[in-house]
Amino acid sequence: MTDLALIIVSAVFVNNVIFSRFLGLCPYFGVSKKLDTAIGMSMAVIFVLTLAGTITYIIQTYLLVPLNIGYLQTIAFILIIASLVQFVEIVMKKVAPTLYRGLGIFLPLITTNCAILGISILSVQFKYDLIETIIFSFGSALGFGLALIIFSSVREALDTREIPKAFVGAPIAMIVAGILAMAFMGFSGMVK
Amino acid sequence: MFEIVIPGLILAGFALISASGLFVASKKFYVYEDPRIDEVEELLPGANCGGCGFAGCRAYAENAVNNKTVDPPCPVADAEAMQAVARLLDLEVEVKEKQVATLLCKGTHENSRSVMEYYGIDDCWAAMLVANSLKACAFSCLGLGSCVRACSFDAMLLKDGIVVIDEEKCTGCGMCLQACPKNLLFMRPVSGQVIVTCSNTDRGADARKACKIACIGCMKCEKSCHQNAIHVNDFLASIDYEKCTNCGDCVAACPTNAIEMRGQEVYVTA
Amino acid sequence: MLQLRTFKRGGIYPPHEKLSADAKIIFGEIPGNLLIPVNQHIGRPLKITVKKGDAVKRGDLLAESTGFISSNVHSPVDGKVLKIFRFPLLGGLIREVIQIQPTEPGKSFKEVLESDPYFDIDIGSLTPEAIRKRIEEAGIVGMGGAGFPTHVKLSPPPEKKIDALIINGAECEPYITADHRVMVERSSEIIKGIKILQRLFENVPVYIGIEENKPDALKILDELVSKDGDILIVPLKAKYPQGGEKQLIKAVLNREVPSKGLPMDVGVVVQNVATVLAVYDAFYYNRPLTERVVTVSGNVVNQPGNILLPVGTPVSYVVKKFEIDVQKVRLLIAGGPMMGRTSHSFESPVTKTTSALLFFDNRVFAERRENPCLRCGSCLRVCPMGLDVALYTQMIKADKIAPEAKDHIQDCIECGSCAFVCPADRRLVQWMRLGKTIIRREN
Amino acid sequence: MNVKEKLLKSFFVENPVTGLLLGLCPTLATTTSAENGLGMGLATTFVLVSSNVVISLLRNVIPNRVRIPSFIVVIATFVTIVDMGMQATLYDLHKTLGLFIPLIVVNCIILGRAEAFASKNNLWDSFLDGLFMGLGFTFSLFILGSVREILGTGNWLGMALVPGDWSTILVFVLAPGAFLSLGFILVGMNKIARVIEGGK
Amino acid sequence: MEANGVLIMDSSPLGRTGESTRKIMFTVCLTLVPALAVSVWMFGWDAVRVLVLTAVFTVGVEALIAKFSNTKIDYLDGSALLTGILLAMNVPSNAPWWMLLIGAVVAVVIGKQVFGGLGQNIFNPALVARVFLLISFPMQMTSWPLPGAFDGTTGATPLGILKTEGIGAIKTIGVGDLAMGHIGGSLGEISALALLIGSLYLFYKKYITWEIPVAFIGTVFVFTGAFYLINPAQYASPVFHIFTGGLFLGALYMATDMVTSPLSFKGKLLFGFGCGFFTALIRLFGSYPEGVSFAILFMNAFVPLLDRYFPDKKFGMVKNG
Amino acid sequence: MDKQESGIRIIGVLVLIAFFAAALLAYVNKITRDPIARNMKEETKRAVRIVLNTLGEIHYPDDPALKKLNDFEARYFPAVGKDSALVGYAIIVKAPNGFGGDFDLMVGIDSTGKVLDTYVLNHKETPGLGDNMKKEDFKKQFRNRTLENTKWMVKKDGGDIDALTAATITSRAFTSGVKRALLTFKALHKGKQK
């Protein structure tokens, strides 16, 4: 139990996907202009990443490893993730239209979110078992969501500040992310 | 050989499953979106200025494709681009002349004296809450630059208490028109060189008192015009650019220099 | 005396500076020239009923209302319409005015008033409809500052049950003493005016809210109503903006007018004492609202006082009457320093809503530049409406007003408490007003 | 537009990183030194060029509806080739770049160019496009890597630039420094881009 | 009738109180004097050197920016000075000049001016600089001259000792030492008592309110106390935690920084709670001995969210009326 | 555009692409498999050469042997010189309880039990503090020390080792790592002598 809690704390704070692992940065900077979108995106990522982490784990353990074709990992994972995302989109549209309006529009963005592929590959590298993989994927997604939501609220606030012209947009976003990363460094060493 | 074919078959199986699944799904749930929307959007300038009245270029493109129309034309795009859009949609497009924003006031500090010391916020709309005019003329440009800030093309700047417009940079998007609380800006075709630089509708004497170059409604210009292109209403002259031939007779006739002739060269005071 | 009541949230304690509190209301003369603004109220613009060269009598209609939320304007004097033109009013707006040349300039205005016939009417015989109609005809508007037509305020829709009538005698703005003097000098007339208003609502209790810093007014009115069971004097703490309608209701009845709501939503009608006096005049003297008491004060006025002026009197008349050194004046405020508007012309006329004319040199007004907001939160602490002024003004400045902030911005009562305490000298009220303009423009 | 102009443009104006903000993950993660940045950039360039070429060749064969899955498979193939190739030849570099080699697959630049350019243009143009885009990417990674390496360790491409006993600003080789330096580089690059565009 | 000059037109209200940005900033600087005096007493001229250098650097950097920027920057408004003093209180008294210069540049440029200057920044500039220095120069920033030892002996802060040596090593440090400043540490973190005395005036002037400091310190007390109760042999007492490190400096002067803290009552309480929680978390489990700076910096990022979701109740926000 | 495309063709193309892609990869894998495996081993072997640098030309096995002790285990490479005599060991141990957890340390020990050099294989210590243990200034104090002639503790704890400034915990871990290696050596050596 403690191990699982540590995995979560590690994934959310200590080794945050954004600030420590540098994964999923494109959507992080792309979808963080508005808080509402950021919340939607976070939810979508939490859902898809947990699902993708689980499925890729199963594929890896029961297909790629026994057949000794580990080198197909990248290509197989990305194929699975791409089709999974599209399936989820289609299914959600049909089964839960309300949910789709909230989250669905973010799903295409997730295909190219390298956090999904990255975390899937990492949980294989870390030799996690199934439960640990699920927790790790979920925690990483949670860390992504946390970082995204804080960041987007800060960026919304920046809209009303008098940022010097040269820094408006991406540069100031980078600097904010840098300062946030410094704050996140305070959590280092919390999980050994 | 075997170790090459087997992985191939496995991945092919993967692809088979996902492709057929997606194929079935996409058949069932396919939402048609006209690919021409993208193409139109690509032809547009992408300034997202909203000058056309739609929420950005994408919305304009959607409207253009769905309703098969380029009306209103994009105010920023040049004629060539609009023709390209029209060709794409198999439409005839009427080429309109470039429009530029024009300030109908020449109430510089020198011409219309300040009657107060304004301490409030540097914004025309905010100033209007404190005083309707900062100068002797009630119709004058406030000179606080709300239009300058509204311009996305860097085409305006403040000088001597009024705004001057760089007609080369002006795209005619019209955002500044809405930003002016005094409605002093209007669009004129770029070839129209004669401008009545005044908006004062007070009687002659009052207007004269307020500003050195005010239009006093004396009708001399109306009489001088051979094209019937200039008319005085409410003690203020205005020009019909459809008829005006830039002959300059009214400019010569005006006793207060309220009518201005702009040269062939673009008026840039930057 | 009763315990002092007040509103709880926010508020400030600016210096009272009631320099003219003991100065009796004086009467001037008919000035040589009157500029009567056509629109002196909030609501639909009026239609001018006279033209250049027309002769008018005192009380004649100059411009008539064009709808329900609209209010007539009458001539205060006999005279001739000289010109109708646009002119800067007190507060900087440039609007249409009717210039009247009085036939008897220099005649004492007290004489003019005394020549009005007195009607001893029987209040009991008046129907509510007749009362509302008379008030509408007389062109009475809220004289506390806003200028909202009084008959509209007195005509709540039937589903709004009115169970309290509050008379606003708080007069919380610094310097202004006009209402104070009216309460002291014309207390019995005010009570009679209240009786008329009481006829509109059945058995409604009346509360007269007066700030504690007017002990003489409290005493006089308390004595007058002591035999009346249904009129109650409520002494209030001297705190700004105690005279704000919503704050007054909160203080007197502890009811909170909902956001974007009106006093009638909590069953209350609020009237200013000066307005009540105008109602009295409208019935007992058949006078339309053509004159009002104005406080003349400020640090360049040697003898601050209160004067009854006909509507349309130019400020220059007051300057002469109070012997103000025009060379010293750098700031002319119509109304109090907290909510009043500046003016730039000494020829601008007094209107129905001008409660004070304050003259200052620039000593009290050292130049102040807007500094960046520090988010110190002072404005939030003092805002009687509990608004997040610092956040809203930042949004307004960036022209990015969050949807959830829009309602709150429109709730601002523009009392000025926030800007009064702002250490960065930000024009918070002007920003909020600009925000309202932007929101209105968007709709 | 001639080749030289296009090259210049892909370096400054349409640079995938500083102009379009694409491919940020490897940009920030692998630029702890100029050498790493260079390595990552070249690996990406290889994938970009190869996939552009192949997709351009296949552009008439691939049905529209499975366009993206097909592109991804093609790209993933080349990524895996790079992955294995680097492991076999440049083992140390591969170790530092680590996870980010397989992640080239989801680098938006590659899919973006495949979609926007290679699927519509002929082989030669696609090749050039991939090459220029890749070099632009490499260029910004190299700049960012250089800045971080110099400030953070006092070295550049393995050469010591400051005396050994000087303190260097360690934060630049750590995560926060990546964001901060890119923020300031963006400002600089945008200024240069404006000069180049204005010069025309 | 004409006045001497034209009249002034401005928006209401036309009066104001005597408060100004400068007054607030310089008052805050002045209230730091007791703490500064203690640090000078403890560290001697070195403390003065660090103080003066940092203040000169921050104001100087801001003045340079003011000179080359086309926006108006009042570099003498005291805000840069305050940032400088707070930064000086966060570094060891033997910090080399170049470190102070880097800190000043980071504080003014990255912490403040890239956001548009005074009042526009999201993060506390002094803390941005401190964390930047702490991460960049961990060696210089974690070995502190010992108070009263003018021979250059250095050592760790009590929290640092706790982290490396364990609970046994701090047994000898009494509460009185902690409160009075007889401990190793940065200029500002040594004397909790002096800081408290200085800040009393700020409370009186309402420049700071009680919510953040109380919630902050209270949370640290409760969390560290809980662990102390569970296992006193491994965790230090809450009293120790409260009087060590930059907790008082952070809670009274950094977290309450007007620009970077929430506006509403609930927001302030939550902000203080968050700061306290993360401080305790980092101190108890993290690898850095001190977590105050990180916690405040982290919570600064939450301020827009807190402002948005926990506003004060507005007048008239009632159901019926 | 391609509305006429049949489902079979769509799926078929994708399947074909996938097939060829995987086949290509399988082929590349076949070529690169061996070099990759060699590279992976090469890394540790290079470390061995570094820690046993002073011994001159040596030979050692490709894969390390495992030695289990009571409370930890170590892997080691026995090195033989030109004349096939055992000249020393490169011992890989886990240095326990560093700042960022355990880290892998390789210690070179000559046949007399003297420490030759140390090499940190992987670690998560704080940059700028703990990772200074890789620096020569710190490493040199361990050379020529033996299990017997040194108190294997940092000075703060009453030992002989100078701790890194502001990184006592790392130094402690490092020190006990080296001690573990020496204990391993002792155990190995004892076995040899018997």
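The first chain written gets the first letter, and so on, giving A, B, C, D, E and F; residue counts start at 1 in each chain.
The rule is simple: a residue touches a chain if its C-beta (ideal position, glycine included) is under 8 Å from a C-beta of that chain, and two chains touch if they have at least 3 such contacts.
For clarity, every value in this text was computed on a predicted model and none was experimentally measured.
Chains making contact with chain C as well as with chain D: A, B, E.
The minimum number of touch steps separating chain A from chain B is 1. Most remote from chain A, judged by the distance between CA-atom centroids, is C. Of all chain pairs, the one joined by the greatest number of contacting C-beta pairs is C-E. One simple way to say how far apart two chains are is to compare their mean CA positions; for chain C and chain F this gives 86 Å. Chain centres here are Cα means. That of chain B falls 70 Å from that of chain F. The distance from the centre of chain C to the centre of chain E, each centre being the mean of the chain's C-alpha atoms, comes to 48 Å. Centre-to-centre separation between chain A and chain D, using Cα means, comes to 22 Å.
Taken residue by residue, chain E touches two or more other chains at 5-11, 110, 114, 116-117, 120, 132, 135-139, 287, 307-308, whereas all remaining positions touch fewer. Among all residues of chain A, those that touch two or more other chains are 69, 71-72, 75, 79, 82-83, 161-162, 167, 171-172, 175, 178-179, 182, 184-185, 188-189. Each of residues 65-66, 69, 73, 76-77, 80, 84, 170-171, 174, 176, 180, 183 in chain D touches at least two other chains.
Working note: touching chain pairs come out as A-B, A-C, A-D, A-E, A-F, B-C, B-D, B-E, B-F, C-E, D-E, D-F, E-F. Remark: chain F residues 1, 7, 10-11, 14-23, 25-27, 30 touch chain B in the complex. By the touch rule above, chain C contacts chain E in their complex via residues 9, 14, 92, 174, 246, 250, 255-261, 265-266, 316, 319, 326-333, 335, 337-347, 362, 364-365, 368, 371-378, 380-381, 384-388, 390-391, 402, 408, 411, 414, 416-417, 419-425, 427, 429-430, 433. Considering their complex, residues 159-162 of chain A touch chain C. Only residues 99-100, 126-129, 156, 165-166, 168-169 of chain F touch chain E when the two sit together in their complex.
Taken in their complex, chain E has these residues touching chain C: 1-17, 19-21, 23-24, 74, 77, 116-120, 206-207, 209, 258-261, 263-264, 307-308, 311-318, 320-321.
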